[in-house]
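The two complexes that follow have chain A in common; it is paired with chain B in the first and with chain C in the second.
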Partner chain A sequence: MQATLSRRAFVSYATRRKLVPYAYVAPAMALFALLMLYPMIAVFRYSLMDGAIIKRNPTFVGFANYVANFENPVFWQAVGQTLYFTSLSVIFHLAIGMGFALLLNSPLVNPTLRSLLRTLYVLPWLFTAVIIAIIWRLLLDPEGVINAILMALHVVGHKVEWFSSTTTALDALTFVNVWAGYPLYMVSLLAGLQGVPKELYEAAGIDGANAIEKFRFITVPQLTPIIISIALLDFIWTMQVFPLVWTITGGGPIYSTEVMSTYTYKQAFADYDFSMASSSAICILLMSLSATYFYVKHQKAQ
Partner chain B sequence: MAAVSLRGLKKNFGAVSVIKDVDLEIGDGEFVVLVGPSGCGKSTILRMVAGLEAISGGEVRIGGEVVNDMSPKERNIAMVFQSYALYPHMTVRENMGFSLRLARAPRAEAAAKIKRAADILGLGELLERKPRELSGGQRQRVAMGRAIVRDPAAFLFDEPLSNLDAALRVQMRVELAELHNRLGSTMIYVTHDQVEAMTLAQKIAVFNQGRLEQFATPADLYNRPRNLFVARFIGSPQMNVLQGRVKAARDGRVAVSLAHGGEIAVESGPLPLAPGQPVQVGIRPEALAPADEGALVGSVRLVEYLGGLTMVHVAHGAEESFVVQLPGDFRAGLGDTVRFDAAASGVHLFDAGGLLVAAGTR
Partner chain C sequence: MSLKRSLTYLSAVATVLALCTGAAIADTTLEFAQWWEPEMPAGALRGIMNDFEAANPGIKVKLISGPYSATHDQIVAGAASGTLSDVVGLDGAWVNGLAKQGAIAPLDPLMDAAKYDRSQIADIIKVDGKSYMFPLASFVYPVFINLDLAKAAGVDRLPSTRNEFADAAKKMTHPDKNQYGWVLPLSLQTPNGIQNDVMSWVWASGGSMLKDGKPDLENPGVVGALEFVKSLNDAGVISPGIDATKEQDKVEQFVNGRVGMMIDSLAHINLIRKRNPNLHFGISALPAVEGYAGKRGLPYASWGIGISANSKHKEEAWKLVAYLMSPEVNGKLVSLANAFPGNVNAKPDFSKSDPLFAEAFKIFQAGKLANEFVGLPVAEQLMREMDVEVQKMLAGQETPQQVVANTQKEWLADFAK
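Moving on, here comes the complex of A and B:
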């Protein structure tokens, strides 16, 4: 019997095979270009103009908006406060997340208590920024519960205005952000801890390691890839945090909690100076990119 | 180096008793293999010696000292795990030197010990590599190197060769035996592979369901298994077991008539046997030889040619069958009727409860 070959296609099989992958990624690339690339280019273009969006015929001013920002002390205050807020958040997220993960992974803790704690510790993650803001503004109100407790314990002598004093506002805000963000670390590190082979700890125990040495020589190196990944992601995300800051302090009092995101927002929607806001936004982008660079490098090394 | 002794050792997981009253004396410098089917508790015993598993009852002594309440670290033992448990982020050198580093040993001394172990195991070239860059056999060696460096009171091996391919396993077995000859240390080795047990051990402890069935030299286990379980577990291929009844017992000999025809004679053992008593007849496959007037008759069911040897599976009566190990040039067709005689030295009698009642002697 004669087998019939199907009619030859117009485009050769080899060429089609080469084109197919591009066809698969094309929709995603189109969306990316429309929703990410175009706005980014537009913002960059606005940042080089004077009175973009507002004026009928905005003029090209080069880097004048950037220079104006760099000459503004509030800009530098916001940059410094963003880095302070971000660094402390990442460090404490890691420390608290690791502590709770170790606790939840410990066979010494009763399993029922462990599952109860696991639920409790994840709670902050379930609240949106606005809810968190309301909770903590109430708790840290001068007439609030925290002050009452601290005064009863004689830790503080007077009612501290946590969010209304320039000396405490940034630290109080950082504290709230730490509270709101550690569960991601806890959950990731717990998953990581559960993946560390038990034999490694047993072998280390036989080799003479105590609990601290096991943590240092087994746990930490085993979790390093996870720690680096989430710490870098957290760094990028925290640097851009807006809702929490805006709903708790709005950047005040007197710029004492001004971060890059609130600084930019005010330029855009309080001053209606979209060109200045665009130049600030590009600065945030560059700061985030530097962290992203390390993240990508780390991911490649994996 | 030290002797290890287990006295009345017990382990319970909740209400389940997994180790039942085990007594075992392992002499200084002895190579002892704990063997048994999976789930028999051999690994649990090893882990109790290592201090990785709590002891529910009885005691473990290392070098005469009761170590029940000591941490693994204080027991001065080294262990090679089935998974090797190498520290993945450390180089071979760091893996081997980890215990010395923790003990804060002087640098020069640690380097010398690592070098000695690396020389013994031929790891000199690999010291700067990470475990993931090594083959299975090399990882195995690093795990042993980590143990050697510590100069421990006893080496514990938990199925160390089971993750290797067959050829490598044979090679590492030889290396392990040589290592023991060279170091002369006490070694306790867990395996479910009776060939490994027979070739490596000076003495073998056979376990079944948490009980020590027999503790003896390989030759004793093979020639005088205390019960049917040990008889079946030791020796490859497995001992054949046929049902029979004592026909006559006199003048130091027992004649047994088999359920499916044939008669076999054995030198009588320690226990008196009464005519008519049911017995189980254990015959080693290698003790059978073709004979024209042979007492064991059957038809060929399957022939396995292994090159140097041929295994012939023979159906004996309706329900029983046995295996015969013959020279490689033996040829038989399926369904052929074959007759065999058993060498008296390879025949054992067990009573209905499985205890040895008579064994052929060599």
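Moving on, here comes the complex of A and C:
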């Protein structure tokens, strides 16, 4: 009896009730801490040390690794190219995804053809980055099919070295990434389009709206939540794209396609400087976090 | 407790004790991580291990095999966590980092204890004066020549000097037919083109990029080789897309008859034969500068072997290393791998191999192994830094003198780390 009383006094019913929700989320929090928080803290710790992992007794150097990165012009070139690559990819993903979604949703297209096109258009999404890299390296080879066609049509007068020239490599790479990523937008927007009530279009038609006005004042506002969500997610994902860039150009020629992910990888696995690599990785994290901030804000607003 | 039950307990305890004792005196199991097993005929390496186990009762070998890049990742992770396998397959480019990290053990005390005859080893890779790796099998990189293209272009003998090479490359180049004299892979993803296809010109003429183990790039040998590469590029005899071309693209272009010549590993002979059985090709030593009469350096890649610093069975590990390096076993292993031996007394049997191997062995014996990147710190990074400078040279942004000056500066910074 006394034991029961003392236990009651130790954790009251009200406290226990308050603790229940925490107990429910505890397993998820434990996993989050183990798989996300701990690695992030470890990487941040490495970024403040000199010769982490490699040296037996690494020393604390504060923000020296960050300063060294900021003083490296290639770092800033990689930051600029990452933003260029990411922004163009997101814009074109959206434009092409929207175009195809509208096409596939249009009653003007024959249903059989529509099913066929739906399968065809989604294909790039099914390939892994390595396969995409092989396909486009072959197509855009100086002796490849694309050059042969362009030369036959007199669009270009010589064999363009798409991935091997500093003037074209980044754009060619962005093009490949656009090709590889638009189906996500297409599928999401198509689902959104199918959910837009037909009555809205009918009412707008009665009011005398033309196709462009219907698109601008009905379709776009109805799809805005989807567009913002996937554009922000795409921005975060594209900023971290690694296998595609690495397998196609490896960051070259010279530094013309160096992006943050390849820059960090080289520091870690070619230079074995895990401290410098950790500081660049933290910079990528901060860049992604800024986009995440807008994403969370948008989600809350909804 | 009844007597019967007591006896049962006693017998159970006795059994456990017996098992424990048995385990204590059981075989020592060595872990051997390498990427060679998948590259050799099925069961070949395991067969050699079985022979070793038979010759050394009490030692078992557990092979941990994977592709080259996976083995590299595994070794980097094992070195960082102190869980490296007892015996490890090594690439020369990894040795410096692993040795400085204290992950691999110096072999000198083991050699001294065993009174091992060092003179039989073709090459010992050292860091700070201590021996860390033996190249067990070496794959040399000669020049491959498409004999049909050469004949059609009127090239009647294999080029032996740089001028002859440039002349042959020019004759074999026909851009309208997508055909070029030479292929140069300088993709930054795998910058080993700097080692195999650029610096090899330096070593073939007896030049060097190091002096007393430190970078020495601003010498006439290196500048001359870069000027030669630039002259080939200016003449338009190199297959286009240099900065995005990788080693596998190089082989592919040669196999398809799109390039007349390439510098490549002998290990690719079987692959080339398989991909294009009708390709008629020959090999020769790398051309040297006019008038050079010394031994020609042959670039090479190797299967190196070393021992983990954390191994609890170093003595047994050494037995395995010594066994694999012995003339008979080494000869057998390299015959199976189509490579050249790490023991100078080994006599590989190429009678069952491609006839070109016998020819290559002559080139190998007449020349000397030369790969100055082996054992250097962050070798891949050094190649990548030079690769960027060479790309700038080929784009007309830098002269060969600027390439060596800039690379020298970057390399000195890397060496000082």
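Criterion: the second predicted complex is superposed on the first by the 282 of 302 C-alpha atoms of A that agree within 3 Å, B and C clash if a C-alpha of one lies under 4 Å from a C-alpha of the other, contacts with A are read in each partner's own complex, and residues count from 1 in each chain.
Note that a contact is a pair of C-beta atoms (placed from the backbone, for glycine too) under 8 Å apart; a residue touches a chain by one contact, two chains touch by 3 or more.
Since the structure is predicted, the reported quantities are computational estimates derived from the model, not experimental observations.
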item: Partner chain in contact with A:I218 - chain B first, chain C second, else both or neither; value: first
item: Chain A: partner with more touched residues, chain B or chain C; value: C
item: First, second, both or neither for A:P197, with chain B first and chain C second; value: first
item: A:D141 touches, of chain B and chain C: first, second, both or neither?; value: second
item: Contacts of A:I206 with chain B and chain C, given as first, second, both or neither; value: first
item: Chain A residues within the chain C interface of the complex; value: 53-56, 137, 141-143, 159, 161, 163-166, 169, 246-255, 266, 269-273
item: Interfacial residue positions of chain C with respect to chain A in the complex; value: 76, 80, 97, 100-102, 178, 186-190, 240-245, 258, 378, 380-381, 384, 387-388, 391-392, 395, 414, 417
item: Sites on chain A touched by chain B in the complex; value: 197, 199-200, 202-210, 213, 217-218, 221-222, 224
item: Chain A contact footprint on chain B (complex, rising order); value: 50-52, 71-73, 77-79, 81, 83, 85-89, 98-99, 102-103, 146, 150
